[in-house]
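Two complexes, one shared chain (chain A), two partners (chain B, chain C).
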Partner chain A sequence: MTGPRVAGVGMTPFGKHESRTARDLFAAAAQEAIADAGVEHAAVEEVRFGNFMGEFAEGQGHMGPLAAEAAGVHAPSTRIESACASSGAAVRQGVMLVQSGQADVVLVGGAERMTNLSTADATEALAAAADAVWEVRPGMTFPGAYALMTQAYFAQYGGTSEDLAHIAVKNHANAVENDLAQFQRAIDVEDALEAPTVCSPFGLYDCSPISDGASAAVLVSEEYAAEHDLDAPVAITGSGQGTDSLALQARVSLTQTTATERAAAAAYEEAGIGPRDVDVAEVHDCFTHAEVLALEGLGFYDPGTAIEAAREGETTADGDLPVNLSGGLKAKGHPVGATGSAQISELTKLLEGRHVNSDAVSDSPGTVGLTHNAGGTVASAVVHVLEVVA
Partner chain B sequence: MTREYRDAGYDDFLDALAAGEAYYLEGPDGDGFLPPREVHPRTGEELAERPLSDAGEVLTYTRVEVPTPQLADDAPYVLAVAQFGPVRLTGQVHSVDPDDVEVGMRVTADVGETVTSGERMVVFRPR
Partner chain C sequence: MTGPRVAGVGMTPFGKHESRTARDLFAAAAQEAIADAGVEHAAVEEVRFGNFMGEFAEGQGHMGPLAAEAAGVHAPSTRIESACASSGAAVRQGVMLVQSGQADVVLVGGAERMTNLSTADATEALAAAADAVWEVRPGMTFPGAYALMTQAYFAQYGGTSEDLAHIAVKNHANAVENDLAQFQRAIDVEDALEAPTVCSPFGLYDCSPISDGASAAVLVSEEYAAEHDLDAPVAITGSGQGTDSLALQARVSLTQTTATERAAAAAYEEAGIGPRDVDVAEVHDCFTHAEVLALEGLGFYDPGTAIEAAREGETTADGDLPVNLSGGLKAKGHPVGATGSAQISELTKLLEGRHVNSDAVSDSPGTVGLTHNAGGTVASAVVHVLEVVA
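After this line comes the complex of A and B, so read on.
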């Protein structure tokens, strides 16, 4: 047993599609994933769909049935909402359905429509992932929340805006050739440091953009893949989820992300690996410093030591552990409900040798990739381990 | 107040804070939490009400330039998390030059109002 296979993936370009509804975006991603998998629509037995702000952005709740219809699939369908980890959590639900034997073929994915909102309204919608009374009333925003974690980290361990700038530079560089990315544009450290301040110490280039987009994947059981002779060499060998207090102020630590640590521990245990076995990772860099928190929470670095990883070239495309070869949320874009399954889509292509940045990754059996999707200020975290098994 | 309803626990806390009688909920190991809570958030154990310390310390802060619409006229403002004994609060830092706010700054907690809508909120002032 190797775990559910990723039989097919699909993803719209991330960016501005302000006239397109989430259902419309998801339809495109789902058709691509189903065609890529080489399965019939009728073979799909369950749908799990991630979306965060449908009610706010387009007055649309109850999106499970809408997602299934858009995909052309007449199967039970449920929307999963865990803020920016919504579709990571949807993928995990699909993994568990296959692992438990409840289904052999599951369509997972997510979509988000955001750019139809003003910046202020998008800021309000995103703030709903924080504690509505204790945090949002006095003025918590999401850049603000991560800025609070960053300032606490700087006070405890050190670190500078220039360290953060190198993370943005790296992820922009990775996106230059990725046609699905919102920003196919290289930046330098000076660009990042000279950008307008959003909230100290973050400038514009420390923040992922407001984006529209959708992503999808078809997960199948190992047996189904064999019986139907599917070309599906990547398996999800580990899945884990962690939960922490919703409000940042209620956490044990302002500088460590317990939910990521728990999700990673569970995923590593299931996959029978440790952090040193991971060859490539897509992590949740909604803000530059979020990548630092992720690398430490996932066990790639000790607490307080990942801040210079990008600057030292350790996580660049030619580094020991390439991180966010897709461009990450920073440059690929962050349509929040689509991000977790987009990480699965991009990493699967990277591992199969069919991504524009696949040269940085071996497609040989045994190559291990990891996705890390976080919700809120990492009150939710979902980690998946993907391995080339054939 | 712009809302036509109260949030039990939260608004009760603000009333108590305004009256100089703020409180928090303490767990068996001395850890602290904000209301409303029935039980310890990680263990389900019982909690006891305790008076909140007057003396707080800023753990981290940021100057927010891009606010939600509810705080459009408040920005820029300094938002901070401060430690009061075993419990932490999130609030705006008032009555001080924003450039003078720093980690470790000693503060008291108070009830203030947003400029934009008059909504009540937790604020910190230098001690």
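After this line comes the complex of A and C, so read on.
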């Protein structure tokens, strides 16, 4: 048993999709994933769909049925909402369905429409991921919350805006050739440092953009893949989720992400690996500093050291541990409910040698990739371990 | 193997909870369920929480972490949203986790705050369960949609407002002694017929109310119950979910609920029973006619005949098949995200002989109960079969 196989993936370009609804976007991603998997629509037994702000953007809840309709399948379909980790959590529900033998073929994914909202309305919608009583009412926004966590980190460990700029530069560089990315252009450290301030220490290039987009994956059991002779060399060998207090004030620390640590511990245990075994990772860089927190929470770096690793280039495409080869949330874009399953889509292609940045990754059996998707100020975290098994 | 046991249940009174947030309400229900189960908080391995309109009512999404915090547990916690079937779907995710051996102890439930919204705002929030593009934009509301389905039924099979009134009278009668119910008072057919029209053929008493409330249940594996000597005689022996097109226009029929049929077929198959084996049911009567559609979709009555059964009193407390002994959504109240798990809570108490209306039900082994929770105009349906096994 190696775990559920990623039989097929699909993803719309991330960016501005004038006048396309979330369901339209998901239809494109889901049809691509089903075709890529080579399974019949009728074979899909369950659908788990991530969406965060449909109520705000389109007045639309209850998107489970819409997702199934968009995919052209008649299976039970449930919307999973875990803020920006919505589709990571949807993938996890799908993984558990296949792992447990309750389904052989599951469609997972997510979609988000955001650019039809004004910046103020999008900021308000995103704030629903924080604690409405203890954080949002006093005026907290997400750039503010992450900036607070960053300032605490700088105070505890040191670090500068210039250090963070290296992360933005790296992720933009990774996106240059990725046709699905929102920003296919390189920036340099000066661009980042000279950009308008959003919320100190964050400038514009420290922040992921407002995006529209959808992503999907078809997960199948190992037995199903074998019986139907599917070309599905990547298995999900570990899946973990962690939950922390929603409000920052209730956390033990502002520089440590307990939910990520819990999710990683569970995923590593299931996969039978440790952080040193990971060859490539897609992590949740909604802000540059979020990538620092992720790399430490995942155990790749000791607390307080990942910011230096960024400065030293250890996580670039030709570094020891390539991180966010897709361009990350920063440059690929961040249609929030689609981000977690987009990580699965991009990482699967990277591991299968069919991504524009696959040169940075081996597609040989034993190569290990990891995805990390976070919700809110990491009150929710979902980690998946993917491995080339054939 | 008999299936996951319902080790404990909890529920706030349904009604108007001035100034209590959804998280406050869930804290009460969850703590009651955990105490009722007799398990340690630390034993809870997963949380699945249903909420529908937190974004509209409290500007609050991402309620998974809030639900875990309210319950005092640190397990992975995910919000499930499936409109008015949100917590039915959350229960199903929990059942699957236990069935599959992925968890021995799961907390499931839901909460909704609604009465802080104006009637217009609540109507708009509820409309997010329908198709925003094809139904809501042209002006459809939920009373309108269900009234349309009722008029189609009357045209196809016959039926009158007076027939429907018998359902409201029955459900109000069942709630009279239920301290958790929103309306603990009897009405008669004349009251129903003389009430103001909401949307023809519906008068005020054909419609479930706007409510606040929360409900929860602790599900454990059979092995865990035995090892820890838990008093948990009720097992969930079948669980099914069905999904249909979100918009009414895409349905095959307005008088038939395919999602309910699919959910019931799956639940019956898993439980190894048929509709004739069910002794007592809690069904989704968001409108009186919804109970008619449910009873037919569940196979208790042939198409077009459940309305006559209502008139004949076959589903009253002393009828052949008592339906909605709790008072149903109509009289118990309908805090939408809490309704599905409230059905589990009420039915478990009924089957365990500790509900005020338990006299109408045997608590002997072999007694079978059923819950039916629907979302939107039954685009989503979740059915559970509960059985007294010890």
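Convention: the second predicted complex is superposed on the first by the 390 of 390 C-alpha atoms of A that agree within 3 Å, B and C clash if a C-alpha of one lies under 4 Å from a C-alpha of the other, contacts with A are read in each partner's own complex, and residues count from 1 in each chain.
As a convention for this text, a contact is a pair of C-beta atoms (placed from the backbone, for glycine too) under 8 Å apart; a residue touches a chain by one contact, two chains touch by 3 or more.
Fair warning: this is a prediction, and the values are worked out from it, not measured in the lab.
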Which superposed partner A:T141 touches (first chain B, second chain C, both, neither): first
More chain A residues in contact - chain B or chain C: C
Touched partner set for A:V133, first chain B, second chain C, both or neither: both
First, second, both or neither for A:S245, with chain B first and chain C second: both
First, second, both or neither for A:S100, with chain B first and chain C second: second
Touched partner set for A:Y157, first chain B, second chain C, both or neither: neither
Touching both chain C and chain B, counted on chain A across the two superposed complexes: 124, 127, 133, 136, 245, 250
Interface residues, chain B side, partner chain A - complex: 7, 10, 33-34, 41, 59-72, 74-75, 77, 79-81, 88-92, 103, 114, 119-123
Complex contact set, residues of chain A against chain B: 119-121, 123-124, 127, 133-141, 143-144, 147-149, 151-152, 155, 196-202, 245, 247-250, 254
Partner chain A, residues of chain C touching it in the complex: 21, 47, 52-56, 58-66, 68-69, 74-83, 89, 93, 96-97, 99-102, 124, 127-133, 136, 240-246, 250, 262-263, 375-376, 379-380
